[in-house]
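A short write-up of the structure that comes next.
Order of writing sets the chain letters: A, B, C and D. Residues in each chain are counted from 1.
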Amino acid sequence: MNRLLINADMGESFGPWVMGLDEHVMPYVDLANVACGFHASDPHVIRRTVRLAIEHGVKVGAHPAYPDLVGFGRRSIACSPDEVEDLVLYQIGALAGICQAEGTRLHYVKPHGALYNDMTKDPELFEAVVRAIRDFDDTLPLMTMAARDNRMEKEIADRLGVSLWFEAFADRAYDSEGRLVSRKMAGAVHHDTDVIIDQAVRIAKREPLTAVDGSDLVLEADTLCVHGDNDESIAAVKAIRQAIRALETER
Amino acid sequence: MNRLLINADMGESFGPWVMGLDEHVMPYVDLANVACGFHASDPHVIRRTVRLAIEHGVKVGAHPAYPDLVGFGRRSIACSPDEVEDLVLYQIGALAGICQAEGTRLHYVKPHGALYNDMTKDPELFEAVVRAIRDFDDTLPLMTMAARDNRMEKEIADRLGVSLWFEAFADRAYDSEGRLVSRKMAGAVHHDTDVIIDQAVRIAKREPLTAVDGSDLVLEADTLCVHGDNDESIAAVKAIRQAIRALETER
Amino acid sequence: MNRLLINADMGESFGPWVMGLDEHVMPYVDLANVACGFHASDPHVIRRTVRLAIEHGVKVGAHPAYPDLVGFGRRSIACSPDEVEDLVLYQIGALAGICQAEGTRLHYVKPHGALYNDMTKDPELFEAVVRAIRDFDDTLPLMTMAARDNRMEKEIADRLGVSLWFEAFADRAYDSEGRLVSRKMAGAVHHDTDVIIDQAVRIAKREPLTAVDGSDLVLEADTLCVHGDNDESIAAVKAIRQAIRALETER
Amino acid sequence: MNRLLINADMGESFGPWVMGLDEHVMPYVDLANVACGFHASDPHVIRRTVRLAIEHGVKVGAHPAYPDLVGFGRRSIACSPDEVEDLVLYQIGALAGICQAEGTRLHYVKPHGALYNDMTKDPELFEAVVRAIRDFDDTLPLMTMAARDNRMEKEIADRLGVSLWFEAFADRAYDSEGRLVSRKMAGAVHHDTDVIIDQAVRIAKREPLTAVDGSDLVLEADTLCVHGDNDESIAAVKAIRQAIRALETER
């Protein structure tokens, strides 16, 4: 990947409950991480979201999660690697089937929430996710967190023959290891649009960010994660889209 | 189809709970209707069941259902046709993804329980199921109940370009319309193996059965549904398998 | 009951998903129908809702439903009467336990959605709900729909020793039998606040409404159902509250 | 408590799936830990189990769990203490309501599976469970694992005014801290009936057991946990029942 692609979580409504401004954010992203029914979404919401992605030429990725609607997939569940492998595979298949019915195909996989975090800390879980992807379709990249050191992830993905897409965040502070600063800490989330745009541009140009301890941090990111929860975040997405487009024009 | 294929519901365990003697019945069937997680099964059970089918050269079909684990998909839920279409599509995709990961493919779709019954009574639901199949893969047949009059089903399937497989039962009494006699009636279920074998052979030869009112009933069936719940039913399946094989040898 | 009590559905958020403006509507109602986790709500939402009701001196009622989160309890499920009895009992108990922990008690039961509608059409289901209440605590009234003819409901409730509270709607058109006109029909829902207030006052005074066929309809209602979904409905609730209070002052 | 009471998990069937030989083990126990619908059971199974307990004069305890049917409550879920408090309270209430409908009452609470283990390791979770009980009914004891050192549990329970019942196992090996040896280790589970009876009698008499490192271990247990999964375990329960009864007669 050369361009820095913009991805956002989508399809997080469930039954009668609405979440996210999917219709407002879809025009500005490249990649839609579509919930698969385990932490959010349902068959109808998935289908509507896939259709919306197609309308806007956005690629669909699977956003599988631990089975936990009430906790929105944000709580770690002590699943075995085999359980993770199978539940990721199930969710990928369900979404891929709906993509196929809508005349498109699945393009990548990005685990959600606690599963996304857990796999970067536990090589057995990471390998379980990679196995699910390899067995389903080894041309699908796995999206994971860019950090200073991604050797574990690269070793596993290389060994199993699956490619990785690394993602970074424009609105979050990083520590010197390239991990996100906990939301519980002051300054963990950027709210100033200028700061967000600056961080997005640095990531796109692979220029160093400043970690919270003042050190330089270069993240080799393929994609930038944005949010479409409210008007403020939609405005940020538009600004990021324009800034990245301007960069591409410069080249 | 020329041979009368034997199908059975499989993969109906769930989490720690076991149901069905899948390993004992799989050797004797041609088609495995695999539960997709809505009325039974879970990602791990599905995968194990698909592997077992592959070992025995058995074709895998999707067995989608209303979302009702506690009711085992046996209770009608007043879903709209669109809801049915999307939930069938989701379940087909999930199972197809696991088939793909295991190096096989989905071969057909047979709705389960209340959904199976409801679609034969409501053309809108029947069409919803057919649309789900058509949109996913219009080469997959839909398995439905053989009756004296299947014009509704044929009209819809023809119009949408999906083929049908009709199934009959060797261990159930029929009324003159070719509908199953309710289990609440005496004599609804055959327990005598000779009676079951005789009915299986008549269905395979397309010879008339005797309906409960004494009238002749010819069912044009492509497949015979058997059960693998207990030792008695396994014994019946073996006997049916032998009887059908003997017929094929005769030819 | 002498005063016309105002009731509203509450606690219909679920996990991360918000529904309803409970904090805005709670100050204007007498009775809160609290979802019990089967169609909406979760243990945390229930507890927060019970606390909110206590703060405002509002009585808590159980709002049990068919087990169907994704369908929000709006789809009939073909449960047996025994199944309905037990699932209503379970939900009543869960909510009553949280009331007890918060130092209050459950005051009544009002089934939700499809279960509410189904029980008025099927005496076996109505009796199942009444049995659940009687077995749990026969001093709790069951809230059901006021119609021209409530003999079925009264006969069953009398026989089992449970009292009934009849509810009416200020914002819905009625047919001559005192049943709500389907939302699919034009004019089924009143949007004009004056019309809503007029209907509320007529119900409070037990003066006749005009049914859609022009006939007079007197509803003997104990309580009026209001909604707190959006700003418009909150405004209507306030106006209804004032109108009813004015009536009481007049006396 | 003076007598060593015998407790067993019950009501672990779910919908169409059967687990446990409840009818065979109920005659030999004092206390039935009844699943509450989050890891197993459903409203109908709970009610049937409560009735069975009443028939045999067995006291009913709540057996609340993490919300995880497919994982049978055996997988830790990273719930916050507040989440644990509310979900335990919900489950206690649901079961207590069914007890009330059946003319009995809840007698104690014993968390299940991963929640049971997690609370003994995390004082915040232990306190959350104790708060749920205290708020619901502070006369209900909490059943927890007897170990060499139960100071944490006692401090919290004392402070919040809830009593504890300590349980021990006759069929499991202990380490020197009085924790169960992991099932993954050889010798973790006793299968010899004589060994099981001997351990049960020592626990009843408060005589020392021999831990796996050879050290003496005295457990101050109020109750002994037994299982009713299969014929072998039922035979062990009967033998334990007889041995304990013989001890009581001796006195």
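As a working rule, a contact is a pair of C-beta atoms (placed from the backbone, for glycine too) under 8 Å apart; a residue touches a chain by one contact, two chains touch by 3 or more.
Model, not experiment: these values are computed from the prediction.
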{"item": "Which of C-D and B-D has more C-beta pairs touching across its chains", "value": "C-D"}
{"item": "Distance between chain centroids, defined by C-alpha means - chain B, chain D (Å)", "value": "42"}
{"item": "Approximate Å spacing (C-alpha centroids) for the pair chain C, chain D", "value": "40"}
{"item": "Contacts with two or more other chains, residues of chain D listed in rising order", "value": "42, 70-71, 83"}
{"item": "Pairwise touch network: line, ring, star, complete, or other", "value": "complete"}
{"item": "Touch list for chain A against partner chain B, complex", "value": "37, 42-44, 46-47, 82-83, 86-87, 89-98, 100-102, 132, 135-137"}
{"item": "Residue ranges of chain A touching chain C (in the complex, touch as defined)", "value": "13-19, 40, 42, 69-72"}
{"item": "List of chain D residues in touch with chain A within their complex", "value": "67-68, 70-71, 75-79, 83, 114"}
